[in-house]
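Order of writing sets the chain letters: A, B, C, D and E. Residues in each chain are counted from 1.
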Amino acid sequence: MSDTHSQLAFVRTEMLAQKEPPAKDKGAVKWVRTNLFSSWSNTILTLVAFYVIVKLIVSAGPWFANGLWDTNSLSECRAILDGARGACFSVLSERWQQLLFGIAYPSDQYWRPTLAFVIMLVAAAPVLFVKLPRILLIVTGLFPFVAYWLLWGGTFLTPLVSLIGVIAGYYAFKNVERFGFVLGLGTGVIVAAIVWKIGGALTASMDDVLALRAVASRDMGGYMLNMMLGVVCISLSLPIGIMLALGRQSHMPIIKGISVVFIEFIRGVPLITLLFVASVVLAYFFPPETNMDLILRVIIMITMFSSAYIAEVIRGGLAALPKGQYEAADSLGLDYAQAMRLIILPQALKISIPGIVNVAVGLFKDTTLVSVISMFDLVGMIRGPILASTEWNGVYWELYGFAALLFFVTCYSISQYSQWLERQLRTDHR
Amino acid sequence: MVDTTQMTVSDEVAISIEKMNKWYGQFHVLRDIDLTVYRGERIVIAGPSGSGKSTLIRCINALEEHQAGKIVVDGVHLTSDLKNIDAIRSEVGMCFQHFNLFPHLTILENCTLAPIWVRKIPKRQAEETAMHFLEKVKIPDQAHKYPGQLSGGQQQRVAIARSLCMKPRIMLFDEPTSALDPEMIKEVLDTMVELAEEGMTMLCVTHEMGFARQVANRVIFMDQGQIVEQNEPEEFFNNPQSERTKLFLSQILGH
Amino acid sequence: MVDTTQMTVSDEVAISIEKMNKWYGQFHVLRDIDLTVYRGERIVIAGPSGSGKSTLIRCINALEEHQAGKIVVDGVHLTSDLKNIDAIRSEVGMCFQHFNLFPHLTILENCTLAPIWVRKIPKRQAEETAMHFLEKVKIPDQAHKYPGQLSGGQQQRVAIARSLCMKPRIMLFDEPTSALDPEMIKEVLDTMVELAEEGMTMLCVTHEMGFARQVANRVIFMDQGQIVEQNEPEEFFNNPQSERTKLFLSQILGH
Amino acid sequence: GTLDDVKARGKLNCGVTTGLVGFAAPDANGEWQGFDVAICRAVAAATLGDPKAVEFVPTTGKTRFTALASGEIDVLARNTTWTFSRDTDLKFDFIGINYYDGQGFMVPKSLGVTSAKELDGATVCIQTGTTTELNLADFFRTNNITYTPVPIETNAEAQPLYLEGACDVYTTDASGLAATRAAFENPGEHVILPEIISKEPLGPLVRHGDNEWGDIVSFTFYALVAAEEYGITSANVEEMAAGTENPEINRILGTEGDLGAMIGLDNAWAKNAIAAVGNYGEIFAKNIGEETPVGLARGLNAQWKDGGLMYAPPFR
Amino acid sequence: MTAYTDPPKESFQLSQLIHDTRYRSYTFQFIALVLLLAGVGYLLSNLFENLRNAGLSISYGFLGQPAGYDINQTLIDYTNQDTHMRASVVGVLNTLLVAFLGCITATILGVFAGVGRLSKNWLVAKLMSVYVEAFRNVPVLIWILIISTIVTIMPSPRAFKGETPDAEMLFGMVAFTNRGVYIPKPVWNEGSAVVVAVFVLSVIGMFAYRAYAKKLLFNTGKLLPMGWPSLVILFVPAVLAFFVMGRPIGIDIPKLGGFNFTGGIDLQRPLIALWLALSIYTGAFIAENVRAGIQAISRGQTEAAASLGLRPGRIMSLVILPQALRVIIPPVISQYLNLTKNSSLAIAVGYMDLTGTLGGITLNQTGRAIECVLLLMLFYLIISLSISAIMNAYNNRVKLKER
């Protein structure tokens, strides 16, 4: 045993205080040094990046600064600018309504889509933020009916009757559901149908009760059309996506097969081909006399498209659930529908929300493709009527920049939300 | 010490298993299982890992399908008929190693879910029953929390209460304490002992030999998918007959 | 009991640290550290969480940069000169809390990677050395598996073997057992004891006080980035001087 | 039949382009204006008595035929060339020709090109979706010269390419060229070459199989042509409807005979149409005539009496 | 004592179809199948009735007829007298071309931006985030239109004309114009085969050398330099051969002639615009995948490798990359798939890919909508199925072994 080092025994009698780091290691100098010039390669990168930024500012700055907002046509802009670089934002100030609402939406009714948009924000809030009071969910429930009435107009009785039908159907379903999910669903649908029928008959002659001016779906356009397609198709595709996801998880080969083929087929082709189907083929598949609006056909195809993607997201959520949850549900005697509805789906959907939001953002961006089949959405408005008009023929940057900005603001905030939610979920689980 | 005199075993058959066999693909998990459980019996099943203990009790409430042989639970023949399966499941409660509480529901909702949806009991009444059983497992004050906010032992007790709310006549336990920290094991075992005292028919896969000695009236030892030995606890522990049992006990008790 | 007589401590200095200071931003993590480690010493560093133990040993092999003071390892002055850093790193082995094995390489490849690419040892020979050390940590049979296929204890032993393959003269351990289950802790500690017996200079951050008593010839207690007390294990545990040490020991040993 | 559908709907669904100045484009208020649009309004006025009862369905070259075939629109009034295969293979009926056109070329004056035959090696912007690609290919092949085609979906997108010099030549129907040039900053710097390389009879079309509807659209159009011939204008139509010396005019305006009933319409059908949009000459002058930015001369589209091809069948 | 019954006699009852787990799944599947068939049948019967009413029929005969239109950029010989079939093949090749080019540049961009976002350089990191967020959150169609507009304002070939041209060719060889990019074309004269052969051999030689160097390291522990010898082996022999054979490979430099540049290789504006737009857009997504992949490799791996004495370059190539690639490659492959599908937006810039030929002009001219759209979907389906097959194979190969 060596005792040679027992002199090493040491006890500190006085604790040392915090000291400031050496000057070269603190403050702005340090920040700049470590973040911008920490090595020669870093310095070069910084200079290059700086050059790029300066270049951008120098080229775009005057263009913005000289921008004109109140001329009547591009030629007027050019005349005023007289060769100087400058934007002709007048196209936005003159046509912003068309960009937002399309050409055909009656201009004295713009308050309606605007109001619907505001209500949508309120309706979405309780879904997006669990902390908000649950009472707001009522707004969410009423939103589709109110929005329908606001956007399409007509008598208020139509959405009212459908709302009553849905409520009646829901209560019927609630009461019968205990005796079997399918039975409940059937009863609910039948009750709702009866209410609609009766209500329809009762209100048939009352076209002008609380009526707003009717607007055809064809007349919707601009950014409103993008919004509408996005919201409608995502909402419709959720239930279908859930069914497809369950089908793909099923042990029954035929059901599984159908789901897999559908999902893989849809995911395998570009949206634009599906839109071609909507615009040039789908009409042939409906009975000869029916004559479905293009917008409806497009909604059908986009919904199919997004449900395939949503199905995959939800499948991921289902797979992430431990098997024990299924077994516990089974051992308590819950049947398949009950187990899914009460135990599995609430959990799986919660896990899937960030994924669903991502799909929604992607789909919302893709709604611009409808411009290729001659619909006047935001991009279609620009490529069609506005650029074709004599006054604004040749204004590209301002219009495309505006469109890009609108989409950026929307999509960026949604994706920030989804990242926030992901962080939230991660901490929830611990 | 538990008052075993209260725990009576009747002549009535609760579960009867005859020549039951099960395969996973080519693998023969359960081989010619014969077992009769009388009402009020408290049976502990032990055996090395992979011997088929879990599979056996999972077959009893049809979480797994058996391929040959006969299982009759409470007079109901376990076939592939959904009605029979439902009837059996509502008579048989089960607790899992990992509790498997529903994390998105409160404790109370966990306990009332099945009574409301399966037994069609009004919500009010189901909640009363649930509170009763939650008191029994000594956590009535946690009723409005979520499972994630409870300790493991509390969660397992909730799981037991949840099963009890369905008023089962038979309870199956699959290693209810093996995922718990030592301090929590006792809470759960205490609850199970209480249940036993009330005369519940219980089948319990566990390695808690103390529990087996104290509560069980029969210990079954399984290996390689077969019942190798069964006996009263005293005899089983002090005087094991087969070589395998001896080896197993030496390992278990060695710890 | 370990035969401590074999564990000799020479007079040669292995590591010498003088007035070393380190800041994270404004935060002063290490304050005026003075420490001399002699060849063959086995030092255990203890202290509350956040006291800078990890930071200290990470400074020794330049995983973290220190801003003031002097570190000399095996005669090499630790500056920001890459050559010196390389020289020091090839003399100093390190084991982490989370093993940090390379999951895409087999155990054997994990062990031969650095010898081949850094020490430029022919592969054949590197593999022989690796097998030798794998035998030493008692898992030669796992050589061709991937880290993911091993238990935590086995993985930590591989990590030790991997360091040893570089034939370091000093080993640093940062809580090598704190991510392990109790059964596995023993395997790993045994390996470390063996290393100590062979006279390896070791610095070990650990809360295993049994290990400290058995193997260490010095225990260093840190708090708030400073060395508060150091002493021989017997003295340290039985007769702590400072209040903080006493408080800390009462918490640790209370468990 | 289609007429019943239209009446039941209370609106005429009319397919137009997505935007071509002078022919069909929405103005700043979202009202559709143009030469093709007038036909739609005339038909709506004739059938429903209301020129505003039109739902304009913008179509691209790709979607227009399906839109018509599937019944989404009742009439397609979009610069569509009457060809054999469209009439037969695609099963449509062209109900007349409202504009005699031909494919032409436009080049910047600065290029110094005077004939299309000098275009060897040029880059040519084509608005796709009509017969233009085929005509172009034929023209260059027969003249044994080469070119690089740049197909563009819409007129609006072709313009910057042409103006920025991404193509040397822009080709589409001569009427379209004129309309496009009209929108330029400096129209004078561009010339339309003399060669007209194809016959492009443009006209509205309807589906095969409903001849009654075809007749209605067809004679609404001819009523506008005849109106010009007989001097009926939107200004004097009311006055003339009171009765005139000329029995043909009277028959057209419904004061004599029962022509309206023969096609299942009100007798005032033609009067409504003319009152709504004016006669053919007025429509032409208002939308694409020489006074407008488009600035097209009547040329082949003058009345037969003036040496043109516009010739309405007798109304009797 | 409960007297339980014997097992019920196995007599089949209708109710078993619903109550018996053995049959019930068959019942459901049967119902599903019937519903599916009924639905499909209904749609098909509508289709046939509609077609009959319209007097149309489904036939692919049109594919054999002359197309009659010209295509500006073709990889195979094509004239307007060729069939629609051949025009479609040209379209397919064009789709594959832009997809291939796009994938390469998108990967390069994505890797740069992804690594840049993790850079310690604050400015670079921020700049890359702006790029990624801007492109990810705006529809690809708008980007295609914007980039196509940007390409349009590049100098026109006319600007290269005259005594004092407004624009000049890069190195006198490459011209960036708004009609496209003109680059020199190699001209293969006699003897050029030898040079090419030598080059191919050099490539093989380089890999052989690297393999040898690695083997040498493994065998003897001697580490040969890898960087500059590789370059030497790659280029020196080929350059020597080039001069020995009397410069057999010439280049055809694009020259202004007539309306356009002539000679050289002409990458047309639509291709350039679409290629740029798709690669910048997809690059932003790939950047995110790359970043996530690198971040997924814990810092511990780097530290462990560093503490073993490995230098940063080797840590990257031996430890980080092999692991990060497993994480990065699958999502990147699905980005490739997205890029390929998005290339169908070629229609917006006039690039004649399959959607432009078969789904565009052919469809327009023949009016065979159903046939064309079906073929179009079939093609994309085949592509995506093949890509996912590749991805699955890759995933299976690199799956980390776990307990």
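Points to keep in mind about this one:
Here, contacts are C-beta pairs under 8 Å (C-beta built on N, C-alpha and C of every residue); 3 or more make two chains touch, one makes a residue touch a chain.
Keep in mind that this is a model prediction, so the values were computed, not measured.
Looking at chain C and chain D, the chains that touch each of them are A, E. Annotation of chain B and chain C: jointly contacted by A, E, touch as defined at the top.
The minimum number of touch steps linking chain B to chain D comes to 2. Of all chains displayed, A has the C-alpha centre closest to the centre of the whole protein C-alpha set. The greatest centre-to-centre gap from chain B, using C-alpha centroids, is found for D.
By number of C-beta pairs in contact, A-E leads over the other of D-E and A-E. Computed from the mean C-alpha positions, the centre of chain A lies at a distance of 53 Å from the centre of chain C.
The distance from the centre of chain C to the centre of chain E, with each centre set as the mean of the Cα atoms, comes to 49 Å.
For this pair, chain B with chain E, the centres built from the Cα atoms lie 57 Å apart. Shared interface positions of chain D, defined as residues touching 2 or more other chains, are 62, 66, 69-70, 153, 160. Chain contacts: chain A has residues 276, 280-281, 283-284, 372, 383, 396 touching two or more partner chains.
Not a single residue position of chain C touches two or more of the other chains. Which chains touch which is summed up as A-B, A-C, A-D, A-E, B-E, C-E, D-E.
Residues of chain B touching chain E in their complex: 11-13, 16, 65, 70, 72, 74-77, 79-83, 85. Against chain A, the residues of chain B that register as touching in their complex are 61, 63, 86, 89-90, 92-94, 96, 98, 100-104, 113-114, 116-118, 120, 162-163, 166.
Residues of chain D that touch chain E in their complex: 61-62, 65-66, 69-70, 85-86, 89-91, 111, 119-123, 128-131, 133-134, 136-138, 140-141, 147-153, 160-161, 164-168, 207-209.
Residues 74-75, 78, 94-95, 98, 102-105, 107, 216, 218, 276, 279-281, 283-284, 291, 293-294, 372-376, 380, 383-385, 387-391, 393-394, 396 of chain A touch chain D in their complex.
Contacts from chain A toward chain E in the complex involve residues 34-36, 38, 42, 45-46, 49-50, 52-53, 251-255, 258, 264-265, 267-273, 276-277, 280-281, 283-288, 361, 365-366, 368-369, 371-372, 379, 383, 396-397, 400-401, 403-404, 407-408, 411-412, 415.
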